[in-house]
Each structure stands twice: as C-alpha cells, then as structure tokens.
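Look for subunit A in each of the two complexes below; its partner is subunit B in the first and subunit C in the second.
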Partner chain A sequence: MALAVGCRARPGKSRDNKTGSWRVFKPVFDREKCTQCGLCMTLCPEGCVHETEEGFVAPDYTYCKGCGICAEECPGTAIAMKQEEK
Partner chain B sequence: MIDKNLELFDCGHRACGGCGAALAARLVTKAAGKDTIVVSATGCMEVFSTPYPETAWKVPWIHSLFENASAVASGIEASLKKQGRTEKVVIMAGDGATFDIGMICISGAFERGHDLTYICYDNEAYMNTGIQRSGATPYDASTTTSPAGKCSFGNKRPKKDMPQILAAHGAPYVATASIAYPADFMQKVEKAINTKGPCYVQVHAPCCTGWGFEGNQTVAIAKLAIETGLWVNFEMVDGKVVKAKKVVRKPVEEYLKTQKRFRHLFKPKRQDAEIAAIQAMADKNAEKYAIDIKLKKE
Partner chain C sequence: MMEITEGSHAVAEAVKFCRPQVIAAYPITPQTHIVEALAEYVANCELDAEYITVENEFSALSACIGASAAGSRTYSATTSQGLALMFEVCFNVAGMRLPIVMSIANRALGAPLSIWNDQQDSISLRDSGWLQFYAEDNQEATDLHYIAYRVAEESSVLLPAFVCFDGFILSHTYEPIDMLTQDDIDRFLPKYTPSERLDAADPISFGMYATPEYYHEFRYEMDRALKESKAIIHKAGKEFGQMFGRDYSAMVEGYRLEDAETAIVALGSICGTTKDAIDEMRDEGKKVGLLKIRVFRPFPTEDVAKALLHVKRVAVLDKNISLGAKGAVTLEVKDALYNSGIPVKGYIIGLGGRDVRKKDIKEIVALVEKGQGDMFYGLRTEVL
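Moving on, here comes the complex of A and B:
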C-alpha cells in the first residue's frame, strides 16, 4: 500500500471498518420503556447510539460491538441483550 | 457550551467492546469542539483510532512518538500564536506516556507555560503492548511485569501522584475525572481548554482487557473506584484543591473483587493484610481530600 504524504487519512475514514461484525450479543431497545434520557447515547464508546427520525433512540448495528454498557447503565430496563444469530 | 450531539470521534475504531478510553476520547472531542488540534502520544488510543489508512478523528490529529506529544503540541501552539490563530491544542495520552515516558517533555511544556490542555486517560498500565505495569498501576495489581504468585502480590508500589507534580509546575488548572461521570468530565475538559496556560485533566478509564472484567461493567467499575475512595475526582486551581467529589464510602473489597488483576487477593486464600493496606490507602485519600459524607446518626 502506498503511503500518502504525512501518512494522512480522510477524517472519520474509520467508518469503512464495520465493527458490527464483532458482536455476539445485540442490544434490543424497547420503545415503550425508553424515557429518552439519553444516557446510552452519552456512554456508548462507539458513539453509535443515536436518535432516529421518529424521535426514538436506536443503536447503529453496522458499528455496535455489543459491549452492553447501554443495557447495563440504562436507568430503566429498556435495553435487553439478546444473543444474535447470523 | 458543550454540544452533546457533536460527534468528532467516529464509529469504526478498533477498541475492544466496552473500552473506557474510547469513551473518554468521545467525551473529550465533544467538550473541546471542532476548533481543536489533537496531539496523541503512542498508546492504545493512538493505535485503535488510527490504523493507517483509517482514522476515527474528525479534527486535525497528529502523532509523532511515545515521549514527545507535549513537545509537538508546544510547537503547534507556538506556531498558532505567531499566526494569530485561535485553535486550541489538546494532548491525549495514556498513563504510560504521561507518568513514565513523556515526563521530561511534559515537564518542559508546563514549565514554558504553553497554552495547552493535557488529557491523560489513565487505564493504569501499558495496555497496548500487553499489560505491563506503569507508574500509574495501583498497589497489588497483577500485570505481566508485576505478576502475582507465590513470592509476590503484584505491583509493589503505589500510584504516582501526577496531578500534584503538575500542580507543582504552576499549572493554573489541574483536575481528575472519571468516565462514570461524563457531564463532570466534559465540564472539566471545557474549563481546562478555556483556562490560559498548561492545564491537566486525568481521567480514570477502566480497561476491560487489562483489568479483567466484562465489557459491560466498564462504567460500573469506574463508579466503584470513586465510591470506594480509591479514585478521587477533584479540581485544583493554582495549586489548591477547590472541589472534591464527596461520597458515602464503600469498602475497597467491592472494587477489588470485580477485577481479575486483584483476584490473587481473594483466591486461593483471602489476603486480609493486603486488603487492609489498600483500605488504608483509600482512607488516606478520603482524609486528604475530605470526601466522606457524614451520615446523620438516627
């Protein structure tokens, strides 16, 4: 691979690396129990939990590694970790 | 003002699931905003965020060597000053680069009084190269270079007091924070960036791989460190402690039991003397920073 001058890279190019394939357990968000406090959005190390167009909170499964911090820290019980079958 | 929706540390980086340092990087970029230049020292964060040709950073970012992040940042700051530009320079380095390897360059940059913000994500060992002890490794933690066994309980030395060292350099703002309290951490980063002169923020960032716990426990363990008094969140302005987070303290055991690096203190035999020594360190912290909340007797 040829190196660019200064080994520079385009900002946010890491998005090419779809880390969702690492996942074993998948966080499933319960829209009825979610109070939209936003704690999961703040605490996600990937920064992949976001607000959807309909105003709900959802993770981006393309990048979610399934660490489960969101489910663990949710003040309610709106997030459940479920084993994923691929 | 901190824009909570600002994402300048992107998805797709290669940190372990549940990485405390990745969360710290996200929170720092949120608090620092887009007019920031980030200088990284060698370390886990540098490696997982920028495997060439990828980068998770959406702000200008530079890495040179392990030891010279502060020197590189000093040069950038001096150049920006000469050009009359207003971008802020933020250094992000791990505890190895801060407590051990980068010490000379940090001391130089702080002594020259550059307008920098130094953020140390403290995961208490050299995690990237395979969990070797650093100056930040706590007492009795088992690492690959301080293994617990028949003749040893792990790391023999207590953690180096880096905030005090930098406060002694005359830093106008020195603070410690934890990823378990993100709002507090972001506020401290914002304050450090807006304070003129060299400022230092040390953030406790648990490492699930190095400390030995499940990735979903990262925030819970960071919280336990505060609640047991083994980590104190405080702020120092001009060398004086002005604020420290008060807690109703739990016994240190509750923190130690959650991690594999302290497993030898409980198995095969409970080591009461060692646990008492660690408890004494927490008590000393509590006294030094007056963090105990006195509950009223009923």
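Moving on, here comes the complex of A and C:
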C-alpha cells in the first residue's frame, strides 16, 4: 500500500490487503467427507473458496478471515474450524 | 469600489468572483442569504456554476466531495446544526484532501435551540483537518474567501477551509466594503487544476481503506500539511496585500499591543468591540492591547508566543466552551505561553448570542488584573 495523498488508489487495490492475517480460526476441508455441493463457495463473503483443479474446493488462506460461515453452512461435516498457531 | 452591503451578500459576491463550478448547500439561519444570493446569480447566468439543491447538509457536503474529486472548484456554506450534520463528511473531505471552501456564519449549537451567534459550531470541528479563518468584519470575511481558495488548492496543502464570520453580527449587518472585481480575483486566484481527479476513462478512488499499518501516517500527513500551510497563508496574504492594499500575511494581528501590560486575545467580530474598549481604556491611562487571531487552524502557536512575550497578563475571550475543560482559544494560548510565567486567564463570553459590550471588555480587564479568570463571564445570578 502506497501513502498516496488523500489515500487515493487505482482499481484492484483491495487485493493488496491480505485479510488472511486477521484469522484466528482456520477452516480445514476434509476431502473424504466433502460431497462437492459448492455451498461454501457460494456463501463465502470474501469469495475466496474456490474449486481446485482436481474438482475439490479449497479456501484461499491469503484472504480467508476465518469467519466460519463455510463450516456453519456445510450440509455435512467436511469443514472444521481449527485454532491457528502463528 | 466601496459599497454598502449586507455581510452575507458581500460574501456571496466574493464567492462568485472565485468562480466556483459546483455549489451544493442547504439553507439555514443565519447563513441562508449567502446561498440565496448565489442561487440567484446562477439562475440569472451571472455565475456559470452547477447549483445542486439537496435535502440536507450531509448531502450538501457529500455532493461537494464528488464534485471536488472530479476536479471542480467547489463551495458550500452552513452553520450550527447544519455543520453538526456534516460532522462525518467534514472528516472525509479533509482525509480525501479535497480543497472545498465553506463559509460558516457562526451560530450556537442546540440544545437548547438558539439561532444566535457564538463560535461553538466551527470550533467543535477543530480536529477535522479543515483550515479555519475567522473574520473581524465583513471586509475581512470577503477577502478571506479569496485567500482560502488560494491556500486550500495549493498542491502542498490540499485541505479544505472554513471561512468563519459571526452570524447576524456580521452576516446580517450592512457595512462599507471595498469590493474587488472579477478581473482582480482572476489575477489573484488561478484556475483549480488538480493533479488527480475522478475520470471514468482512468478510474481512481479517493479516501480508500487504510489498515492499522497505514492510517496513523495519513493523519500525520494531514497534520504536516496543515502546519506547512502557515507559510502558504503568509505568502498568499502578502501577495493579496501587494495587489489590493490589505495585507493578510500575518495569522495574528496586534492592536496597541507593543507597550501593553494586559493583552486580550480574541477571534471574530468581538475584536472590533475590543478595539473600541481598548481606545477608551488607553485614554484613561491603562496599557491594554489586543491580539486578534485570524487563523485558528493551523494554530499560529509561535506567532502568539512572540506577540505576547512582553505582556504581564493575558485575558482570552472564548465564544465557545469545551465543556468540562476550558475555552478552545484559551487552551491554545496557555499552550503557546507554557513556561513563560505569564498568567493566562480564559473568559467564556457571549454564548448563544449574549451581547458583549465595551463595558464587559473593561470588566474582564479588571478581573484579569486581579488574577480572576478561567470562568464564565456575566452569568445570571440565579445559577450562582
């Protein structure tokens, strides 16, 4: 982030703000239990749950704030919130 | 050319000469005559500006943000509750570094409801990052608008400015004013050409999100720009003096202060009454002088100290009160004279339109000579 006068910025600057550093609890995805329904991907407020090349879902820990909505909304028990050691 | 004009109308004419491209304001007593007159100029094609009618003051200043960010010279005016409603927007304007100029026809804040004059409204926004100019009379009220735009738009400043003049006492009073011309102001005030502005073809955002790692520095930069604006104010005021004969290079102005033993410090229209009271006290042999503060933000701490170091005592008049502490001007003067050993006493006067007369100024001088002060002056006896 640059100290521009008046905190002015070009589009796309929110990518510079790595909100992953806010996280206390980390969503851990269990591939065995995941049915690939995609609800977590739809409901993530940061849009940082994405589909992997193998067809599974995974969070982007660079931006995941650890809000836990994915774990709460998962119809199964595929996502567990685990305290993160930093 | 000398004209006998109502203060508000003189200010409106001065604003017209500044060629604002966008005006957004909401009428409120005692500021209304300014925006009424400007609306008429626009309607009569005497001023080529976009006049945006809005539903309240929050919208007025918000509309100004958009216009100013898009690169327009932008103007608004308000007072009291209207300014209070702009509180949040004022901080945003300063943080986005938009050089909007706004006239404040100073008025008390409710509750209790009062439409009359004191300076609590603008003083309450002292921490917002706006420059604050205070006019003694309507001549100064008009001239300070030209200076305000010049300073605010300077690339090293880029901060908004209040031009404050006392509601009713100045806004509704007819005085002889030396009105400059459009040609004069075109020579003094160059076109506003910001280096960055809103442009759909080249998108940019103003006042973006700052994380805790950066917010601190943005406030520092605003503080630095305000402090460095002192030199810009000096330069613009001096140039104005060279061009039109009225020198505003100093942020403070002494009156019969050189050999004074007692100094009165004040801002706004009360300085005129104080000067008359000082003349009468001088005739009686009392060595009294005035230090008028024309610019309250940035506060001219060094200038105040330099002007007052020879006096024996200082009485500060405040038309505001930081409830639970002291008047805002008193606090600044005490800071400027800290460790000087000179006693500084504050007097809260004229809140909510209470008249302050020459006899009151003389009474305050008598009080400071006795060492009595840091008080509300002239309270009704039933509250004592």
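By our rule, the second predicted complex is superposed on the first by the 75 of 86 C-alpha atoms of A that agree within 3 Å, B and C clash if a C-alpha of one lies under 4 Å from a C-alpha of the other, contacts with A are read in each partner's own complex, and residues count from 1 in each chain.
The criterion applied here is as follows: a contact is a pair of C-beta atoms (placed from the backbone, for glycine too) under 8 Å apart; a residue touches a chain by one contact, two chains touch by 3 or more.
The shown structure was predicted, so the numbers you read here are calculated from the model rather than taken from an experiment.
Q: Touch check for A:Gly55: first (subunit B), second (subunit C), both, or neither?
A: It touches nothing on subunit B or subunit C.
Q: Check whether A:Pro75 is in contact with subunit B, with subunit C, with both or with neither, and answer first, second, both or neither.
A: neither
Q: Looking at subunit A, does subunit C or subunit B touch more of its residues?
A: With both complexes superposed on chain A, more residues of subunit A are touched by B.
Q: Answer with first, second, both or neither: which of subunit B and subunit C does A:Val5 touch in the superposed model?
A: second
Q: Between subunit B (first) and subunit C (second), which does A:Arg15 come into contact with in this model arrangement: first, second, both, or neither?
A: A:Arg15: touches subunit B, not subunit C.
Q: Do subunit B and subunit C touch any of the same residues on subunit A, and if so, which?
A: Residues 1, 3, 7, 9-11, 13-14, 17 of subunit A touch both subunit B and subunit C.
Q: Can you list the subunit A residues touching subunit C in their complex?
A: Contact set of subunit A toward subunit C: 1, 3, 5-11, 13-14, 17.
Q: Using the touch definition from the top, list the residues of subunit B that touch subunit A in their complex.
A: For this pair, the touching residues of subunit B are 4, 7, 9-20, 22-23, 26-27, 49-50, 52-59, 182, 214-220.
Q: Considering the complex alone, what residue numbers of subunit A touch subunit B?
A: 1, 3-4, 7, 9-19, 22-23, 38, 41-48, 60, 62-63, 65-69, 71-73, 81
Q: Would you mind writing out the residues of subunit C in touch with subunit A in their complex?
A: Per the stated touch rule, the residues are 95-98, 158, 196, 203-211, 213-214, 217-218, 221.
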